[in-house]
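The next block holds one structure in the form of structure tokens; read it before the comments.
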Amino acid sequence: MTALVNPPEPTGSTPPHQAARGAGPVLPKQHGPASPLRVLTRGASTIWSNKKARIGVVLLLAFVALAIFAPLIAPYGAGENGFGRNQSPSGSHWFGTTAAGEDVLSQVIFGARISVLVGFIAGFLSTLIAVVVGLSWGYIRGPLADVINFIVNLVLVIPGLPLMIVIAAYLQNGGMTMIIFVVVLTGWAYGARVLRSQTQSIRGRDFITAAQFAGDGAARIVFHEILPNMTSLITGSFFGAATSAVLAESGLSFLGIGDTTTVSWGSMLFWASNSNALLTGQWVLLFAPGLCIALIATSLTLINFGVDGLSNPRLREGTGR
Amino acid sequence: MWYPLRKLGLLLLTAWAAITLNFLLPRLMPGTPADAAIAKLAQNGPVDPATRAAIEAQLGVPTGDVWSQYVQYLGNVSRLDFGVSYTFFPQSVSSLVLNALPWTLVMVGLVTIVAFVLGTLLGVLAAWKRGTWLDTLPTLGGTFTSAFPYFWTALLLVFFLGYTLKWFPTSGAYGLEATPNLSLAFIGDALGHAWLPAVTILVTSVGGWILGMRNNMINTLGDDYVTFAEANGLRTHTVAIKYAARNAILPNLTGFGLALGGVVGGSLLVEQVFNYPGVGYLLFNAVTNQDFPLMQALFLMITISILLANFLVDILYGLLDPRTRR
Amino acid sequence: MSLLEVNNLSVIYEPRGAEPTYAVRNASFSLERGEFVGLVGESGSGKSTLGFAVTRLAKAPARISEGTILFDGRDIASMDEEELRKQRQGGFAMVLQSGMNALNPVRSIRKHFGDIFAAHDHVPTSKRLARAYDLVEKVELPRDVLDRFPGELSGGMRQRVSIALALSLEPQLMVFDEPTTALDVLVQHAVMGTIRELQKSENFTALLISHDLGVVLESTSRVMVMSEGVIVEDGTSQQILHAPQHEYTQMLLGHYADPRAEVVEVPGLVVRGLTISSTGLGSALDAVSPKTGEVTAAPSAPARRRPGRPEVAAIVVDDVTKVYPRPRRGSDPVTAVDHVSFTLDQGQSMALVGASGSGKSTIAKLITGVERPTSGTILFGETRVDTLRGKGLRGLRQEVQMVFQDPYSALNPLHTVEYALMRPVLNHTGLRGAAARTRVLELLDTVGLTPVEQFAAKLPHQLSGGQRQRVVIARALACDPQVIIADEPVSMLDVSLRAGVLALLDGLRVTFGVSMLYITHDLLSARLVTDQIMVLNQGRVVESGQTAQVLRFPQDPYTMELLEAIPQPHRAGAGR
């Protein structure tokens, strides 16, 4: 048949921390029987076989452990403030104390909770919206698809952080819930776009037409035929969205938007910079929380190196040339 | 329709949507920012009815005809009339924005272009030398630095290069005693002040371009035209640049358009750390002082600038890809 | 001295995280100067790997594990990168299988030539343009093709450009890896003609890699047959054709036949030596009254009528036209189907043949309600198909089912065979639980996938192409349909598997009284499984009638062209 020539859609758009090209084979070749467990195991082992991803997984698990067992690990409570102010690192306060007399090390450990929590919740919610929008958008045809296209592109080009700041300013004194809300509001669109282009490519395959001929309805086709073929891309979207969420939360907290009394790495830096830690020379207070943010975001990006290999064999490790 | 025209149409449509969003946002929010704003303004002196009406038009009041407000709002925007700032009363919002905009545009704009070009080149190199240290170093380094929060990089640079080593000034866009002019001395002074924020943005954003370009390039290296070019014995650099990289850059350009918002957002945080008098610094001031008119106008200007940048990227894309000319 | 001497060559595939496998094992052969040699094998036989190895294009995870390749007396493995690069001019060149994608989409054709000249400097700058003109004319393209971009050229033109580019290297050895596979039948024929001409006029040594023994025998003077990584036979084309030694070669050869012959036979398929009546011209189609759907001429091989079904024509297509909107700005709307009328009777099988773009697949979409006609009506029994939506469409699909072209894309890679078959059983038959499962197993038995329990639990990747296609057929049968539309059901399968699937389809028609619309570009298979035929050209029916009649005594020039394009082994070495 005459192929209806589409204008070249730049599906391979690759924003910084979520490099995953939409096209390419859907699934790695599998062997053995088809239990979902088996599929998961194979996926996990593909990720694990990538050296970079392995480092990422270990790093992330360390942070998750830190967050869960914070009360056991931290020498003091996060809000305990009876210590001397602006102390340099010492035997009883390894990382020193803040201007309000809190133990820096304990705050760093408790701060992991916020980042891990925001990363997972906001990452999950963004991905959920991305999946629902991306799949239905990719499956339907007609004017509605154009409308969604316009909205998604709008959300994509509107700068996220300024929008979050403005919305946060209007909402005033919201806490972590508000931060998660604005992060999700601006964070779903990229994933939706990637998932949409993959949905479109799967939709064109014969097994979708075959399912229609077998009498399956649209919802069943989307969720039983298309969705399972996109697990790797969805995983990738999740880690990408979680990375953005962690960074966005830290940025907002650093600006003092949201509840500044919540101990997070971003708010630690907010207080540090407000109390002129720069001038008092407390470099550990500046260094530690930021490094933690960088490390947890790195771990998520590293895991995505392995996830990329799931959906695109060309990106698996190797010398290539 | 002709490709640039189509893109221009899209630009106008998106700009309209952004302006409308700006109009709707305060009206969708709980509470009435207008009342808060008027109360805030009243601290500076009595509020005359004309100003009150203008604020209500901008920020919305619970009652009243939304349509006529919308029309009035569109008219104001078209005249770049965003009212008066509360924080810097009685300066007009537009004069504040126009004073701040050039600093951000020049500094962030230039650095972003440099970061994109540098990152793209490193990404090409990494993919071409895949598996060697030329790949591992920029890839892992880029992964790590792109995970840095912008403000943290800024704080570290201020601390080490500014306070400790005293190599660079740590605050503002020019010396305290200088006044903006076009003399060489002033430009030198401004450049000296721009160094640290520029390096911050460069370090933090370059990794993303490296990773993106590397992935695209790995993909194009597996494409048939690259194999065929090799089979034809083309020179190595021809295959790498004119075949593989030339095609890999297309999706990276689209990525550039999309990631621009993130870079600009990050640079706002950088301005905050350096007290750099650009739109980010101003926006932060507006937010802390609940200066809604200023905040709204800044958000709109930032969005429009990004839309324009995206439009230029689209045009460039059209020039680079013959397939858009059909 | 031979131009190319391959000694005991083995190529091993070492993918990460999987067992290494040998793609080529202990291959030894030589190519003499000026020789045109074919390399034939089915998918996975290692023929392309061998082609990549001798031109030193093999990349990880493929690796030459053993043996030597001497080109013009030099071991090509010992060449360093730069030596190798220079060797590609005046040495060995390659035309890739996917010639469609072998051109850089953002570079004009002129620049493609320029890059090659610049890389090797073998043509003085002043003569380069003239040489480029000369080369595109050699591959029968107009000069202005130089100013075009690859995206503006058709598949055939692009493949011709690749050939011209390879030719510009003035190679001593040209390796053609499936050069025409992705192309349309008529274009394939023309491009192969050009390759033959060029080989004669330029006198390079050529290695033609193909899965199609017919194509190879037509062009080459010597043929090597490869199976499972091993060269099993190597002989002149005449020897291969008339006295094949290896059973694999014999099997391949056995699947060729001339659809124009009086008796056509391939292994495993019932012979259909139809007697042609003198009144054969009065075909079923001509006799149909479009308004009533009445048919006066009976199908030549009446199948069992199904009990309990109305005695009317299965499908009546009346004056149907389908116009697609302009595919891109500035071009004209495409009339895919142009005033087509025909009737498919119960138990009848009809072939729709034509090159790609002839509208045959669009007709399938119209009949199944996937697309709606721009004008005209389509009746299934008493139902108007062209206005159906929602529930009605679902009802139609209990009666009209499809068999798809690509068995690799027609089954969801994540679902078991049982799941794939269970869906239509549950949706269309109302069977539940154990009864439904019994039906699924019954279906597997019908299509010959036994032991059924084992096949039910398998995933698509555990099946061969032929087995997958049987699952696809079983799925189409699940709801006991009246009509099956088979869209090129064997074109993606290896030659050795085709006859089995065709025999299955044909048998179902006889056993279950299903009507079949068989869409294909392959006239041989049409001759084997259909009674009636319609030849389509650019959306219009140019010829129709009884299959044997039309193919044996074609009236329309387009039909003759299609018949001429079929590779014929017996033309081996013709014109040499």
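For the reader, a short list of remarks on this structure follows.
First chain written, first letter: the chains are A, B and C, and each begins at residue 1.
The rule is short, and it goes like this: a contact is a pair of C-beta atoms (placed from the backbone, for glycine too) under 8 Å apart; a residue touches a chain by one contact, two chains touch by 3 or more.
Source: prediction; values computed, not measured.
When chain centres are taken as C-alpha averages, the shortest distance to the whole-protein C-alpha average belongs to A. Per-pair tallies of C-beta contacts place A-B first.
Distance between chain centres (mean CA atoms), chain A to chain C: 45 Å.
Between the CA-based centres of chain B and chain C the separation comes to 52 Å, rounded to the whole angstrom.
Taking each chain's centre as the mean of its C-alpha atoms, chain A lies 21 Å from chain B. Touching of two or more other chains is recorded for residues 250, 321, 323, 326 of chain B. Annotation for chain A: residues touching 2 or more other chains are 5, 7, 318-321. Looking at chain C, one finds that residues 328 touch two or more other chains. Every residue of chain C that touches chain B in the complex is listed here, in rising order: 55, 57, 81, 84-89, 93-94, 96, 98, 101-108, 115-116, 118-120, 149, 151-152, 162, 165-166, 169, 328-330.
Residues 5, 7-8, 10-17, 19-21, 24, 52, 150, 153-154, 156-163, 165-172, 190, 243-244, 247, 250-251, 254-257, 266, 269, 272-273, 278-279, 281, 283, 286-287, 289-290, 293-298, 301-302, 305, 308, 312, 314-315, 318-321 of chain A touch chain B in their complex. Residues 1-5, 7, 26-27, 29-30, 33-34, 39, 45-46, 49, 205-207, 209-216, 225, 228-229, 316-321 of chain A touch chain C in their complex.
Those residues of chain B that touch chain C in the shared complex are 1, 223-225, 227-236, 238, 242-243, 246-247, 250, 320-323, 326.
Listing the residues of chain B that touch chain A in their complex gives 13-14, 17-18, 21, 25-26, 29-31, 33, 127-128, 130-131, 139-140, 143-144, 146-152, 155-156, 158-159, 163, 205, 207-209, 211-212, 214-216, 218-219, 221-222, 250-255, 257-262, 264-266, 268-269, 272-273, 283-284, 287-288, 290, 292, 295-296, 298-299, 302-303, 306-307, 310, 317, 321, 323-324, 326.
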